[in-house]
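Heads up, the next two complexes both have subunit A, just with different partners, subunit B and then subunit C.
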Partner chain A sequence: MNIYIQGTGCVSPQDTTVVEPFLAGIREYEGDRLKAVEPDYRQWIDLKLIRRMGRVVKMGIAAAKLSLQEAGIDMPDAIVTGTAYGCLEDTGIFLSRMVAQQEEMLTPTAFIQSTHNTVGGQIALLLGCHAYNNTFVHRAFSFESALLDSMMLLQEQAARQVLVGGVDEITDHSHRILSRFGLYKQAPVRNTALLQSHTGGTIGGEGAAYFMLGTERNVRTVARITGLATIYKPADEQEMDAAVEAFLAAHHCSSGDIDLLISGRNGHAGENRHFTRLEQKLFQGCAVAGFKHLCGEYPTASAFATWLGARILHGQQLPQGLLFSGAAPRQLDRILIYNCYQGTHHSLILLDRT
Partner chain B sequence: MSGQVWVAGGGVICGIGADLRACLEAFARMEPGMQDMQHLRSIHRGVLPVAEVKADNDALAAQAGLPASVSRTALLSKIAAEQAWASTGLGSLAPYRTGLVSANTVGGMDKTEDFFGAYLQHPQQGRLWQVLHHECGSVTELVADAMGIRQQVSTISTACSSGANALMYGARLIRHNIVDVVIAGGADALTRFTLNGFNTLMILDQQPCRPFDDTRAGLNLGEGAGYVVLVSDAVAAQLPNGPWCRLSGYANANDAYHQTASSPEGTGNYLAMKGALEMSGLQPADIAYINLHGTGTQNNDESEGKAIQRLFAPYYPAMSSTKSFTGHTLGASGGIEAVFSALAVQQGVIYPNAHFAVPMKEYPFTPATSFSKGNRLTHVMSNSFGFGGNCSSLIFSGFN
Partner chain C sequence: MADLKSQIIAQLNLQEVKPEDIGNDQPLFKEGLGLDSIDALELIVLLQQHYNIRIANPEQGPEIFHSVRSMAEYITAHQKQQG
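What follows is the complex of A and B.
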């Protein structure tokens, strides 16, 4: 069974809510935090609701609505969301008040919206969708788990049209706390120079990317999702390499068949080796594109990469400023996304031109 | 997509017992677990009863073989997951392609809320180890790493239906031949965050909760963890004592009515139960017992009752809410109640509903009020409904 992307929607630190022109220019930032460029939500959400909703919920709804619109679908048969952090803004609000006010005089609004499945639940509420609704919250496999769930639903013929996405937000609290763990650059860096950086740490990011998946190819089809694999804490390099080779073999291809490798390198000198090894050993000679200088590092950044890969295949065009190494490919039939998060969570997503 | 999914075993730790045997004894003795708070520090101590696990973090850490510095949720999770696996009698996990699919609602919040006191004084204050495992998925990974599970590790968070959704996803990973064994369920420790959150919603009863009673006035929170071991046909054939039952049906539906409240018609509840029946190829009359979501709030019990009436009238199965003993354990509840429901099929157990006295005016059915064993329960349904309109129903079936 083939699984196709019939529509995409993406809210990110780049101008991605407008499909054409496709990434005409890269927005440049300086600092350790990329903030999403938020669209005018009034085109999808009632103004009264907009004021009450957390940013992560609004970004998720916008991306979901865009993908439904592009696919020409009003009502999906399933809604599946991946979010590692969930609704950090409302969690932070309720938690701060609870601590500061010593558990007194609290109101429920922020608590209600802090639940991890708020994005998926609000999409269902907005659409009046009574179908299957699930939310995966598994760190850098959150989107991958949601995607696996969606692909299984289609294979089971339990659903014909599945809305699936990944979404995460940065808040002042989360950025401050994650900075204390040393995740981000100590000195200011331009996002456009991030992947060439020789220092430790990366840039934090956020965003939402949703996809309408279906099993029938039609005029709206953007790309095909051919394969998905996650590799959790491989024991050593041999195990990692074997997993990649098994993945390629399962999809009847070799590294030479990959026209473009979209690599999750994030400019953190301490993590480069994971990407360099894969790029140079298993995919030698393959054109490599980066994406985290566009969206920043966050656990569901692979959803942004999937959006990017699908748009590149559909438009047959690699936007300026994405190529990291190798020569720009003349033809783009097959893209492999390799992401690695903090050296422990590896994932592979294979996309084909249709 | 082929084959059956079998329940090979289960493990529970909650406010009525440190293991499944102790829980069964508490049901038989009619001893609910609600008490004044002993371990959670909150201004609501002495006012809001909770069903705490009767052990401090040091004792749980020693039992779990994890550091006492990690979230209590991880400690509870590891204890119940190990008990679940041990109950199968299969020995080492190593020969099997294994997954851990675990649910929780607030990750390591019990530690994060301790961190926030100092952190709010100054952003460079607060000990970082307290937020190291804040993410829901991190709690699952602590357990997976300790048990040596790597093939499929995932975390689901759909509020109070999370644990049931973990079973559904786990079963499907087996049916798709991705793994042979999945330890599936959920865990949640009590936190001030959730206690105060539910308190602001004004749905916490200051008395022991009375699900499906006309005088019900809200829920009591609890904590714990519950996991079943789901296995493929091939692994089921190797079980030294045979499987407990099959997971024959499951469905998830969305109420699409309100972020926290259930629709008066119980639309999502109805669709979930109906979907699970359709998948298992059963008629409503085939269900012998329902382990209700039964939180004891006005809203839930009315909506759940409405959906049951619509689906089952005029013949109602035995039913009860074990939350009247365990409290509402949130992300753990679907897992804990799945273990109780699977055991109900195997041993013919009908669990009592504590503190029931006055039937609801709206409905002709009442919950079971006494413990009984040896009933013939071929098909048992377990309901779990949560915020975000998330409704899930599971059906466990015998095989003789």
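What follows is the complex of A and C.
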């Protein structure tokens, strides 16, 4: 059974809420954090409801609404969300008030909005959708788990149209805490130079990307999702290589059939080796594009990569500033996304042109 | 009452509403300002935080929170009792 992407929506640090022109220019930032470019949410959400929503909820709703609009679908059969951090902003507000007010006089709004499944829940409330609604909180496999669940729902014919997405936000609090772990660059770096960086750390990021999936190809179809795999803490390079080769073989292709490898390299000197080895050993000669200089590093960044891959296949256009190495062929039929988060969470997503 | 209106706007994050937009006798709930049950809880917390008033009888809620004027009168009466 084929699984098609019928519509996409993305809110990110780039101008992604406007489909055309597709990434006409890359927004440049300097620092260790990329913030999402937020659209005017009033076009999708009533003003009375917006006031209670944190940024991540609004980003998720906007991305979901955009994907539904493109697919021409009002009501999905299921809503599946992947998020590692959930609603950090409201969690921070609620916990800060607990401390400041000594656990007294706590208001309900921040608490209600602080749970991980708020994004999926609010999308359902806005749509009036009472169907299956699930949120996966599996760290850097959150989006992949949501995608797997969605694909299984479709394959088992439990749903015909599934809205699936990945969403995460970064807040001042979380950025400070994550900085202490050495995740980010010590010295400011331009995002456009991130992939060429040879120092430790990366740039933090955030965003929301949703997809309307279905099993029937139609005039609105953007791309086809052919395969998905996650590899957690491979024992060594050989195990990782074998997993990639087995994945390709399972989908009846080889590395030579991949027209573009979208690589999750993030400019962290300590993590580059995962990507460099894969790119040079298994995908020698294949065009490689980066995406984390556009959206930053966050656990569900693979959702942004999926959005990017789908748009590239649909438009048959690789925007400037994405190519990391090699030369992309004139016709792009198959894209492999390889992401790796902190050296432990490896994932592969295979997309085809329809 | 202007201060109370500003406090309500801040507590409920009423975006694009200014104190002068809220009439003194305008109903706060339903057809008036359109507040709901979650807002009612926020207003209870507002009275505790800003005026040290705890509403002992929940049945008084609709009467106290009918409008800005009814809230202000309740606060004034409570402060006189305490003072």
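What we mean here is this: the second predicted complex is superposed on the first by the 354 of 354 C-alpha atoms of A that agree within 3 Å, B and C clash if a C-alpha of one lies under 4 Å from a C-alpha of the other, contacts with A are read in each partner's own complex, and residues count from 1 in each chain.
The rule is simple: contacts are C-beta pairs under 8 Å (C-beta built on N, C-alpha and C of every residue); 3 or more make two chains touch, one makes a residue touch a chain.
Keep in mind the model is a prediction, meaning the values are calculated, not measured.
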Looking at the overlay, what does A:G128 touch: subunit B (first), subunit C (second), both, or neither?
first
When the two structures are overlaid on chain A, which partner does A:R51 contact: first (subunit B), second (subunit C), both, or neither?
second
If you stack the two complexes on chain A, which partner ends up touching A:L106: first (subunit B), second (subunit C), both, or neither?
both
Would you sort A:A327 into first (subunit B), second (subunit C), both or neither based on which partner it touches?
neither
Comparing subunit C with subunit B, which touches more residues belonging to subunit A?
B
Of the two partner chains, subunit B (first) and subunit C (second), which one does A:G120 touch, if any: first, second, both, or neither?
first
In the superposed arrangement, does A:E156 touch subunit B (first), subunit C (second), both or neither?
first
Share the list of subunit A residues that count as touching for subunit B in one structure and for subunit C in the other.
106-108, 112
Looking at the complex, which residues from subunit B come into contact with subunit A?
1, 42-44, 105, 107, 112-113, 116-117, 119-120, 123-124, 128, 131, 135-138, 140-141, 144-145, 150, 152-159, 165, 169, 172-173, 175-176, 192-193, 196-197, 199-201, 251-260, 267-268, 271, 386-390
Show which residues of subunit A lie in contact with subunit B when the two form their complex.
79, 84-86, 94-96, 98-100, 102-104, 106-108, 111-118, 120-122, 124-125, 127-139, 141-142, 145, 149, 152, 155-156, 176-177, 180-181, 230, 232-233
Contacts from subunit A onto subunit C in the complex sit at residues 47-48, 50-52, 105-109, 112
The answer for subunit C against subunit A in the complex is residues 11-16, 34, 38, 41-42, 45, 48-49
